[in-house]
Amino acid sequence: MSLIKLENLCVDYGPISAVKTLNAEIMNGSITCILGANGAGKSSTLGCLAGLVPVSSGRIIYDGQDVTSHQAHQMVSAGVTLAPEGRRLFPGLTVYENLRLGAYTGHAREGFQEQLEAVFGYFPRLRERRDQLAGSLSGGEQQMCAIGRALMSRPRVLLLDEPSLGLAPKIIVEVAKIIRSINKTGITVLIVEQNAKLALQLSSYGYVLETGSLALEGPCKDLLHDDHIRQAYLGGTAA
Amino acid sequence: MRKSIQAGVIAVAGLAAFGSFQASADEVLTIGVVSALEGPGSEWGRGVDGGTRIAAKEINEAGGLTVNGTTYQIRVRSYDDGYAAARAVAAVTRLIEQDRVNFVLGPLGSGAALAVKPMYEEHGILALVNSYTPETLADNPQYTYRVLPTTAEYVGPIVGWINENHPDIQRVAIISPNDQTGWDSQKSQVATYEEFGYDIVGTELFERATRNFQPFVTRIMAQQPDLIELDTTPPGTAGLIIRQAREMGYQGMFSKIGGPGVPEIVDAAGKEFAEGTVVYVAADTENPKYAEMEEAYAEIYPPPMNAFNVFFYDAAHMLFEAMQRAGTVEDVEAVRAELLAMAPYEGMQGTLVWGGEELYGNNNQLQTPTFVGLIQDGKEVIVDRIAVE
Amino acid sequence: MLQLTIQIAVNGLTFGLIYILMALGFTLIFGIMRVVNFAHGEFYMVGAIGILLLFGTLGFNYYLSIVFAVLCVGLLGVIVERVLLRGFVGRELNSMIMALAVAITLQALAAILFGPQEQSVARPVTGVLQVAGVFIPRDRIVVGVIALAVLIAFYLFLRYARYGLAMRAVAQDPAAAALQGIRPGFIYSLAFGVGSLLAGLAGALMAPVYTISPFMGDVPMMMAFIVVILGGLGSIPGAVVGGLLLGFVESLFSTFFGSTIATMIAFGMVVLILLFKPSGLMGRAQ
């Protein structure tokens, strides 16, 4: 069953169109990825879903409802939370305060303690750093904090924008593992990545964007063997 | 445009007030008034117009001003200068060019007075003005006379009174606002207090917007003054200084020889702290004529009447009598000579004489009696009336 | 000498608390909305006028009058933000000019309604506390205690309350804050309301201590400006440090050298800060 449906989604920034008539479906409980080069429109698509970027035309259907004109706070309340590119933590606030802000909306506040324990369960390091300023964390810890903060809102859908960016390979593996276990609890994950290999290994279904348009889509195991993908995104030669 | 409408309205109002008398076949004598009649400064400026009009009305109602066999109805032509030099120049130009007057009362305020003084001198217009700065009477003007006392005139008598009645006072601190008015007045305060042999232990200037005087007061009190002189400090601010000094434990006396405003002082200081402050009183409100004048003023402008009214009332009467004595309303030189010769003159508040030689190098300053006031139980009480020497 | 030193310190502390009260709102509004609120001094004035009306004219209880006047100022702030400033959030020049227009309008309105002259209200607290030769007027103690209590309450609010946390989040990153489900518009109104309320409180507290006039906000506004530049524009701890610093500097220098020199020193510090540490004592480099 599809949880999110994008219908002819277009995003324009003035005269520049970032996303051109994109159609996509995200299955409930899946991990789905969007691949593409820099500027392909991946982040704009996530921005629309998070209610941060206004949709120029087309529709977003979430859980059977039209949420095209929802703003960010409405999307969070509805259960769609974005961990944005570059983490965007509040550097002057502590880890705990960042996590508390993640649970700002009404339904998340009720199960705050429980959810906090769950997040500390995924990321024990955050428990140690609880009262440290977020700005003083290492890159990996910041990413953990960003994902943790997104989880604090008790989302149905977790949107991850470049979670691996700037992280050491060892940390990337760790983060990937956690994303998978988050997904196992029933949270739908939509992930945008330049690290195509990681994304395809994690996800079950993938969309490939090129200069704002959908170039390719399919199950990840197929995409992993696609010649075009291998050449353009995996840096390998044709199999 | 707005100015001329205002002037027109005021002129029409003036005509209406004296309309019944103009119906007669008498000649009309027009004199000019330039002052702040609306907006800022008007609480003072209306006194110039009010005093002049009341004097003119009295004469008109008694049948007119008879000069050398001809009876004139006096018409007062008033222009609003908005307390601004440029508008005062425009108003005087109109009085000279259009209304062809020979005699003007006003303007009020240093800026306006200094701006129009050369015009009076050049065109030979006899002018009775009011302004604070000694510059008004500098360069020996021939046609410009000041009819209100300034600090320089009344500090002496009041300090003399303090000297006589409070012989224990030795050390004096003087507080003035940090601007032209404050600098000028503080200079004459210092000179006068020194003349009477006091130790000036502090001279302080403060920015007009200051409300917090605690450090200021701490500093002054370190000099242990017996008397704090508040000079031309605005009355509300003077009240604050009194209160804050008393709260910091100041036990000495206060005096404020400069400008009126006892109610504001008492409001800001509190009745208890204001008690015993020596103040300059411009007009003798206990004089029965004062109440009559307030009634007459209320017919022209909404109350309260300002003390300036009294000075210009006397000045206008002096001017009219000088015309009668000179037997002319045209010959400015003759009127001027009589105006100077007729003093000492019995004005509403006492004897008026021309003086100022020592300070200004000429006798273009009208000297008036000085009233020494004391704040008692929140009210201004006149404790001494000092005649001009 | 010791006595004088203590007197200067006590004076500095009482001035500093009021400066902090003024500067906190100013810096809060800037930190969150990037609006240089030139009308801040007028909210101070409106707070004082509230006391003139409620306590002075109508004769209500002083403390009740403070609460009511301050809430009204807060509400006025919310209305001004929602109606006049919301459209300019993030556009510093436009919002600054709009705030200036608000300031001039409020000042003129007050002059028309209450007259341009200085007015006084009776003092609810009188008398002087004298400890070891140091004089502290009781009304200043009341002002200091109330200011301190409100400052602590404000600190706790920002530190622990949900909306306080949300304010700090919006100040640091409005977009990321929106992603947590925070409505920035609501936080703008709240911040402007609280900021105005603090200014109104300063005005209401000082109304019986000083005189009341439509132009009384000019000096506190200037002081708030100096404080936030010293402490760092947008920095809450900076407002506290800057406020105390300015209070003590003013007390010290005006006691020894007069108020003109004290003002000069204050602006001298501003110049030095702008030259050598433009982000302020406690500000982060932008």
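The letters A, B and C name the chains in turn, as written, and every chain counts its residues from 1.
Operating definition for what follows: a contact is a pair of C-beta atoms (placed from the backbone, for glycine too) under 8 Å apart; a residue touches a chain by one contact, two chains touch by 3 or more.
From a predicted model like this one, the values you see are computed outputs, not experimental measurements.
Chain centres defined as mean CA positions place C nearest to the mean of all protein CA atoms.
By count of C-beta pairs in contact, B-C exceeds the other of the chain pairs B-C and A-C.
One finds 80 Å separating the Cα centroids of chain A and chain B. Rounded to whole angstrom units, the spacing between the C-alpha centres of chain B and chain C is 40. In terms of their C-alpha centroids, the spacing between chain A and chain C amounts to 43 Å.
Interface residues of chain C facing chain B in the complex, by the touch rule stated above, are 4, 7-8, 11, 14-15, 116-120, 122-123, 126, 128, 130, 135, 137, 206, 210-211, 213, 215-216, 218-219, 250-256, 258-260, 262-263.
On the chain B side of its complex with chain C, the touching residues are 40, 178, 204-207, 209-212, 214-216, 218-219, 222, 234-237, 239-240, 244, 247-249, 264, 267-268, 270.
Residue ranges of chain A in contact with chain C, taken from their complex: 50-52, 71-73, 76-77, 81-82, 84, 88-93, 97, 100-102, 104-105, 108-109, 149, 153.
Per the touch definition, chain C reaches chain A in the complex via residues 162, 165-166, 168-169, 172-173, 175-183, 284.
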